[in-house]
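The same chain A turns up in both complexes below, where it pairs with chain B and then with chain C.
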Partner chain A sequence: MALFQYIVGRFVSYFVVLFIGLTITFFLPRLMPSDPIEQYIFELQSQAGQTMSPDEMANLRETLSQIYGLDGSLVSQYLGYLERVILHFDFGPSFASFPAPVIGFIVRALPWTLGLLVTTTLIAWTIGNLIGLRAGYHHNSRAATVMEVVGVALYPIPYYIVALVLIMVFGYLLSIFPLTTTIRPGPLTFAKMRVILYNSVLPALSIIVVGLGWNILSMKALSFAHKEEGYVTFARLKGTPSRTIMNSYVGRNSLLPQITGLTLSLGAIFSGALLIEILFSYPGMGLLMRTAASSGDYNMLYGTILVTIFAVATATLVLDLIYPVFDPRIRYR
Partner chain B sequence: MKMNNRLKIGIVILTIMVLGSFLLPLFHDADPTKQGTFPKNLPPSLAHVLGTNSLGQDLFWWLVYAVRNSLILGVSVSIFTTLIAGTVGLTAGYIGGGSDRVIMTLTDVIIAIPVFPILIVLATLVRGQTSFLIVSVILIFFGWAWGARRVRSMALSLREREFINVAKFSGSTTLKIVFREVFPYVFAFMVVDFINAILWVINTEAALAVIGLSNVEIPTLGSIVFWALNYNALFIGQYMWIVAPVVATVVLFLGLFLTSTGYNQMYATRRGHS
Partner chain C sequence: MIRLNNIVATYTTTRGEVSAVDGVNLEIPTGKIIGIAGESGCGKSTLLKVIYGDLIYPLALKTGSVQYGFDSFGQEVTTSDIKEYWFKRISYIPQSSMSSLNPVIRINKQFTDHLDPSTDKAKVLEDVRAYVQKLDLPPEAIDAYPHQLSGGMRQRIMVAMGTFFNPDIILADEPTTALDVVVQKGILLLLMGLQEETKSTIFFVSHDMGVHYQITHKMLIMYAAKVVEFGDSDIIFTEPLHPYTRMLIESLPTIGDDHLRTGVSGRPPSLWEDLTGCRFAPRCPLATELCQTTEPEFKEYRRGHFAACHYAENTYQSSEIAILYDHHPQNQSPE
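And now, the complex of A and B:
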């Protein structure tokens, strides 16, 4: 019964997050002083170098507000928006490349972001926890002190700084890896996979390096605290091998808060990955957002942000649903 | 109360950074962002400690103003987020009940929403005139949730302690208990959260500035990198333009981080002994 309650609770908060995300992306642009339609018309005119007659202008304004979903009262706009987004995943057409629908661009960009993010997060989390567990368990050893210094030095460093340093060292000084991503479209062959891998090394490394710091420090503190518990002392007196104590006693128990920590920091990791993509011109959601921002492509912007919120919320939900597998206290309460 | 090494190093770094960035501008009243003040691309020398960039600006003075502005932004936003986090966390944790459930759902939602994309939208909507005020308001709006979570769990555990019961039975009002008995315990956590919030604010603004979506006319640790990238500093061999802000950022962030974890450690040991 406890498990059932837990699952229902997670689903409720999942839908609350999605609903609030949808509502924010609906009201945010409408609260702003600038009018995207006026801006767009202004840009069109300055590009064309001539002005339109008032009649044409009114026509254009009407068509644009239909496409943007800006006609009718605020309530009917909101309901229409919810219906389009939830039922049809329809974010409208892109304005920079009219009339291609926004969703098509997102579907192409999303695998890049997810691929980069899932791989790097798994690597950083696993390696960080393995190192942190050892550093916490053998906290008096010299290696543990070194690892702690590494963790402290890595943790507070922002994503963009790591990216800049990597670009500087591996891109310019050593010229091993490319500065920006260049991947030609085409069928997924073995050679193309190598190109993708080669282009992804630096962006991936940036995310891993930042993630490592947090995981090492947090795991070290947890395993150090668990090591002092009574059940560990009992196991030691009982003659349990030190390796078993570290992995099955201390490690197993320290893992739970680490999973929760990962769940809670997914939003921050995603934000960091978006920035990394922009800096490396990696063809994912971040780059899509940045180009949409500079070309004033609002439909694209809201679409990418909604999908980002949706992705983070879904990943959090999945982790939360897996959690009872690791924590028997939720299963058998 | 004995200071540990982390705290000592952290405070030394912060003192140097704060004094340097706030006092040095008093001896230099020229605008560091004015272009063409000096010859372009000078190497480091006595007159220009870090050299000049492709816009004819002195890099050292740019950096000094950048550190100062980033610190001002970080501290002023963090004051608000910490106050909100403290109030909300204490309300949820100590008073509990219905308010606790509502507040916890709200914090979880805010934590789950990635801030960076939302900032990108806002920056686009107010294109060209992104003011620090707007960035600050958004950072405050999204910044309090982490702290509130921590204060709440702390207050929740305190509620069951003996001395709270003593205060309650001696007739103290809830407000008095929260301020006189619970708050002193939570205070150390709030200091740590305050410093972490400064880190987060400076970082988020810088990230926005690096891709040109904050106000890049004002020197901050991010806008200096934006101009360097914009003028292809690395490509033309102007390494100092990137290296200097990178080093300054790393040192400042290390200082903040060491101070917050050192302070936390010091309080943890003190609590253990009392």
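And now, the complex of A and C:
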């Protein structure tokens, strides 16, 4: 019963967060001084190089208002917006590639970002924690010191610098990997998977390298602290094998904050990969956001922002639901 | 018989080495509860660590060894290989049960994770479930996480862990300090009952002389890294040989006696100093020239009753000591 209440509570707060996110995304652009319709008409006119008659102009305004969902009162606009977004996942048409719907772009970009970032974040997290645990547990050994130096050296480098260095070395000087991502559309065959992997090596590497540094450092600090706990001493005095102490005692306890960190970084992957995707022209959400921002494609921008909100909220929800599995002290309350 | 052969245990510090246990030579009969008492920093816990064989940096055994009085393959077990018998023939009950249990792992797993991988753990846990019932714990308690049990239950779990494998020697480092008196009494009675049944040897460290009086068979009094007295508890508590022991006992309240407890004034000497003579001399009301210059030998004055004092044979009455004590220059109020 307590478990049921806990889960219902988490879901309620999840939907509240999503709702607030939706609402802010709706009202924020309407508070901006620029009007997308006027802007569009202005662009149209300057491109065409001729003026429209007032009648045509009014007609166009009305049509655009309808398409953009900008007709009627603010309340009816809001309700229409909620209905479209929640029930149909319809973020409206893209302004830049009118009238293609925004959702189509997002659906195409999403697998790229998710594939690249979920994989790299998980790889960096797993390897970083395995190394960090060993470095913290055997903190006197030479290998531990080396690993810590590696962590300290990697962690402060911004990942776009790592990306640039990798492009320079492996893409330009050695020409082992491509400079930018080029993948031809077509069905997902085994050969295409290989092309995708080949093109993803450098962007993946730059994210892993930097994430690794942070994970090593934090896990090392955590396991070094937990090593001094009374239960670790007692386990040693019991004659528990060193491996068991490292994994079940030091590792298990140090992992709890790291799981929180993993979930939060999974939620932040959309914004996190922005520069990587731009640098490698990787066709994911980051590139989409950037293109939308530079071309004034509001619908596209809001669509991507909403998906990001959805992702962060979902990651937090998942954390809340699974955390008690890792830490029995959390009660379903 | 457990033999402590000339044990000198040192801690390595940035200032150099300091001997926290300095020349302990004793034969301890098995099958008894041995109380170890003394002020903070006198070396009680260090001696316990040496007996347990838990010698990790910065603690090191400079000289000496412990003979545990049991054999393996015809060879007597000593300090060098006692580690192999941890929680088999020698076990340890820590002070704080809250911090000594891993909070994220069930107790049953912690009960068995030191066992040989080939052991049938399910079978062991069946026996553990039956065993903890004897210790007034519900059998389900071992399937719980530590935070789900009360402080008293957790300490019973620690006692169960320390005694389940039926060790010859049990070391208990202030196992009841963190508990309230009612729970404390329960744990002490439990320990006494288990010892009575199994005839194991328990080393019991505490600075609560009242607790020592209640449960120990033998007492070992330490002062400034040395053992100053060792003997049967009932004798030690009635006719102590060493003035320090006497003063420790004097500080215990008795019902109906409402005169002010004096305690032992002053502080033990710093182990960093060059210590000559009797280490207790600066605080001792009976100290003479001899005590300042010559270290008293630790020897048997009566059968099984050892002490390290030049005047152990002088039978002072406690009232006389009290008078001497009041006239001791250190205790005179500055006027």
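Please note the rule applied: the second predicted complex is superposed on the first by the 314 of 333 C-alpha atoms of A that agree within 3 Å, B and C clash if a C-alpha of one lies under 4 Å from a C-alpha of the other, contacts with A are read in each partner's own complex, and residues count from 1 in each chain.
The criterion applied here is as follows: a residue touches a chain if its C-beta (ideal position, glycine included) is under 8 Å from a C-beta of that chain, and two chains touch if they have at least 3 such contacts.
From a predicted model like this one, the values you see are computed outputs, not experimental measurements.
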item: Combined model on chain A: chain C and chain B, fit or clash; value: fit
item: Dominant toucher of chain A (residue count), chain B or chain C; value: B
item: After the two structures are overlaid on chain A, angle v-u-w for chain B, chain A, chain C in degrees (C-alpha centres, nearest 10); value: 70
item: Contacts of A:327 with chain B and chain C, given as first, second, both or neither; value: second
item: Which superposed partner A:230 touches (first chain B, second chain C, both, neither); value: second
item: Contacts of A:182 with chain B and chain C, given as first, second, both or neither; value: neither
item: First (chain B), second (chain C), both or neither touched by A:76; value: neither
item: Contacts of A:238 with chain B and chain C, given as first, second, both or neither; value: second
item: Contacts of A:153 with chain B and chain C, given as first, second, both or neither; value: first
item: First, second, both or neither for A:248, with chain B first and chain C second; value: second
item: First, second, both or neither for A:141, with chain B first and chain C second; value: neither
item: After superposition on chain A, the shortest CA separation from chain B to chain C (Å); value: 16
item: Doubly contacted chain A residues - partners chain C and chain B; value: none
item: Complex interface listing, chain C residues touching chain A; value: 52, 54, 83, 86-88, 92, 94, 96, 99-105, 109-110, 113-114, 145, 147, 161
item: Touching residues on chain A, where the partner in the complex is chain B; value: 13, 16-17, 20-21, 24-25, 28-29, 32-34, 36, 39, 152-153, 155-161, 164-165, 167-168, 171-172, 264, 266-268, 270-272, 274-275, 278-279, 289-290, 292-293, 296, 298, 301-302, 304-305, 308-309, 312-313, 316
item: Contact set on chain A toward chain C in their complex; value: 229-231, 233-235, 237-241, 244, 248-249, 252-253, 256, 326-329
item: Of all residues in chain B, those that touch chain A in their complex; value: 6, 105, 108-109, 111-118, 120-127, 199, 203, 206-207, 210-211, 213, 222, 225, 234-235, 239, 242-243, 246, 249-250, 253-254, 256-258, 261
